[in-house]
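Quick heads-up: structures coming right below.
Below, subunit A partners subunit B and then partners subunit C, in two separate complexes.
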Partner chain A sequence: MAPPTDTLVDPATVALLLADGRLPTGGHVSSAGLEPALRGGMPAESIREWMIGRATTVSLTEAGTAVVAAHLARRSPGQNTTAAGLDAVTAAWAARTPSPVQRRLSRQLGRGYVRLATAVWAAAVGDTMNPRGPQPPRSVVLGVIAAAAGIEAASLVRLVVYEEAQAAASAALKLEPQDPLLVAGFVLDACAAAEPHVAAVAACRRPEEIPAASTPQSEGWTQAHSLLTERLFRA
Partner chain B sequence: MLITNTRTTPTTTTITVDAPGDDAAPVRVRLSSGLLAARLVHRTRREAEVALVAGGAMLLGGDDVRVGIRVAAGCRLTLIDVGGTVAYDGEGRTAHWAAELVVDEGARVAWHAHPFVVCDGADVRRSLHARLGHNARLLLRETLVLGRSGERGGRAVARTDVVDPDGPLLVEELTVDGARPVPGVLGGHRVLDSVLELGAHGDDADNGDGGVSTGEPGDADGDDSGTGHPDGAVTLALERGGRVHRWLGGDYHASPFGVPRSAAR
Partner chain C sequence: MPDSPSRSLRLGIAGPVGVGKSSLIATLCRALGDELALGVITNDIYTDEDARFLRSAGVLAPERIRAVETGACPHTAIRDDVTANLLAVEDLEQDFAPLDLVLIESGGDNLTATFSPALVDAQLFVLDVAGGGDVARKGGPGIARADLLIVNKTDLAPHVGVDVSAMVADARTARAGAPVIALSRHDPHSVAQLRAWVLALVDRHRSGDHTPIDPGPMAPHSHAHDDDHDHDAHHEHPHDADDHHDHG
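This part shows the complex of A and B:
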């Protein structure tokens, strides 16, 4: 596997970079579903419980999608078979993401990661993505980057769960100002709740194995939120 | 209420609908009953209507209800429930309810299910797998109710998996526990009412599977939001076409989707 740059960077460092909210990939437009939840009537006191729920449902679908994409990209880097395989991963993700607003946002975030990937891991990533295939969501692009950077599957699952929880936490401080240290604790609580699922999600190899946990209330909130004229986040 | 499961009846119900043997004949229907009895209500040259009747107290812990449905190319099947399904306290045992549908090319299935009630103490695994052929269509009303009145409800894992020759259309697995509501999943709501329209869609208004009012204000195809129901229902436009209409609430009778049609015709 090619190192990500001429100088060898440890995969753990790349994972830190990808999880950093300051990375210029456009992640600031997403509250990871929190603004829709609060605007939909969820009380601020439920934020921690909601974050734990998300970490064990939607985040695991996103994480499983990234894991299967990484597995395909790792197995046959830069080949057409990979592109077809990744299209199947995108299809599996889309079938598990019934909210069109959520799908559109994930694809917008995916474009940000494609720009990053082609700038940094051009050789490893550029050939893998199918320009004529369905537009990949963030999780698929993240999987391809993880394969190029040598990030192992369990770390990738934790990265996705953490990134979503952190996105919600930083949105929480804008939407419902409160003690930032308390909210940081929520992030760790959410990650801890996902931990018992990490091994199973990291073991996913085929698109059919990607978790499909349904969140009807959140999906409804996301759709309703998209119709609001005054909002801070896309979703 | 505790009911001990001492069943010995076969558990699989099968329904097969095939094209008529000659032009003047109605569709051929083969039924075999398990825990759910299948009764032919009505048939025409194109369509069969079949009622599903519970053969006794349903579901008990340890029950394994299976329904296998195959509808041949160009045929139509309407399924109606006679009464809902109640999953009772399983005394620590899990109850399984699984439906497998094969809907061949150009065929239609409409299933107007009554509520599936998960009582306190119940632990249910419910699954519906459907394989649609080209231009096949599946319309499915399903309602999950956590608990009878005064109850919070037990545990349920409900998986829906629908594919066609081009890949998956909808895959979802709802995990709920009435004693531990999760904000974002059902929150504090007891009732999740859904209408799924999957496969070939929007091609003809008179498709013989009506009877479900989704309260939808207009055509949501191609509309990214596809929502805005005054009654609190939400419509989700799926990636590959097809729609999911959902309503969350506390009382089934308040659902904007109405009461499913019954056997009278």
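This part shows the complex of A and C:
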């Protein structure tokens, strides 16, 4: 499964792979919070503004988590010292993610990424992740992969923001169908709104520097959504 | 990928909407629950309806029945990206170790969705007589190449004007002799046949003699009578004369 060692894949190409919704890591079960919002009563006309809101709050927390995890993994690839450091990143992320449902989903998605990392970057990822430690969310695993693949911090921030926006956009077409090209524009609007924050988030080095941007309304919607008996997405 | 025959046998149950997949799982649980440790994963389009049906049927402890959300893509969840299902199976196997058999119900989708061997060791494809006697003849990857084809609800045949033996004969032809069971949960003989088939499969899985096969990807259309049909532009297949030919 490992790529030939004499072939170097450009980090930008790896970032494209990770941002691709067709990557088989279980992402299609997530609407990145959109289904909970719509079922909670948010009007469909607000999807664009809601996506911008997410890109400048929760997505930046996820992005900062990935950046700090990547920084730790880069400093000591494959060593046990990293595992304790990553556990601290996971703890910092959990403290900034108040919804238990959201935490469970992120950890589930993290497991999908661990499968990918184990298959493709086995040598670089090695035993970085502590099998007995707290289950890392997707953002932490993504950081470890980014370190292995050489993706730099600013690209990693943009990758996380884009991936969340695109997940919501794909879900929007299933939940509140409208012109798909219009929704593609929403993705770019969300990414543009996050752009002024990219440098600051990319500069995070320690867990306590991860942005704490909670969105209580969305978290409430996510909790309520998990109790519905009819839903298309995990959250 | 299936890693070791020491873990449970993972058996997929696919087939169109309304053919009785959930009811078949309930039947399997009743028939096998005394001798095998079972778990069930359901994939609904709208989440947990099937899981709730099975829990309320009382055929298995409720915590052994879990629902997986599919993001409105039930075919993706069993084929292109099996991650969510695979994690659910692994969790179930870990929480109730050792399990002998995990049944994974696909979200009722269409005639062409089949399970990837990355998720299941074997799969049943389910049709029912009420869907029409000609469905089995129309073929498709699941009908032709699933490990077992079930023609379900045979007790309804007189009410819907379907000749079960003809439908089963069509199915056997479409499957080149691979197994077909005409099933009604009210017919103990047919349930015994199904039970024996599953137990034999579990034995083969345990002894390492079972090799998972892929029934094949979704097909844009199928031809009933010509397996070697050439899809190139130059084919000489007499389309106009072939009334049985089906574009689905």
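Miscellaneous remarks
Keep in mind that, in the parts below, the second predicted complex is superposed on the first by the 229 of 235 C-alpha atoms of A that agree within 3 Å, B and C clash if a C-alpha of one lies under 4 Å from a C-alpha of the other, contacts with A are read in each partner's own complex, and residues count from 1 in each chain.
One rule holds in what follows: a residue touches a chain if its C-beta (ideal position, glycine included) is under 8 Å from a C-beta of that chain, and two chains touch if they have at least 3 such contacts.
Just so we're clear, the structure is a prediction, and the values are computed from it rather than from any experiment.
Once subunit A is used to superpose the two complexes, subunit B occupies space next to subunit C without a clash. Contact with subunit B, but none with subunit C, is seen for A:Met42 once the two complexes are overlaid on the shared chain. Seen from the CA centre of subunit A, subunit B and subunit C lie at an angle of 120° in the overlaid model, rounded to the nearest 10.
Looking at the shared chain after the overlay, A:Ser99 reaches subunit B, while subunit C stays out of its contact range. When the shared chain is aligned, subunit C comes close enough to touch A:Gly112, but subunit B does not. More subunit A residues lie in contact with B than with the other chain of the pair subunit B and subunit C. When both complexes are overlaid on chain A, the residue A:His28 reaches subunit C alone and has no touch with subunit B.
In this overlay, which is a superposition and not a single complex, subunit B and subunit C have their closest Cα atoms 15 Å apart. In the superposition on chain A, no residue of subunit A contacts both subunit B and subunit C.
Interface of subunit A with subunit B (complex): residues 33, 37, 42, 46, 49-50, 52-54, 57, 88, 91-92, 94-101, 103-104, 207-208, 211-221, 223-224, 226-227.
Note for the complex: subunit B touches subunit A at residues 159, 161, 167-175, 182-187, 189, 192, 224-228, 234-240, 244, 246, 248.
Those residues of subunit A lying in contact with subunit C across their complex are 22-31, 108, 111-112, 115, 171, 174, 228-234.
Across the complex, subunit A is touched by residues 45-49, 52, 68-73, 76-77, 80-84, 87 of subunit C.
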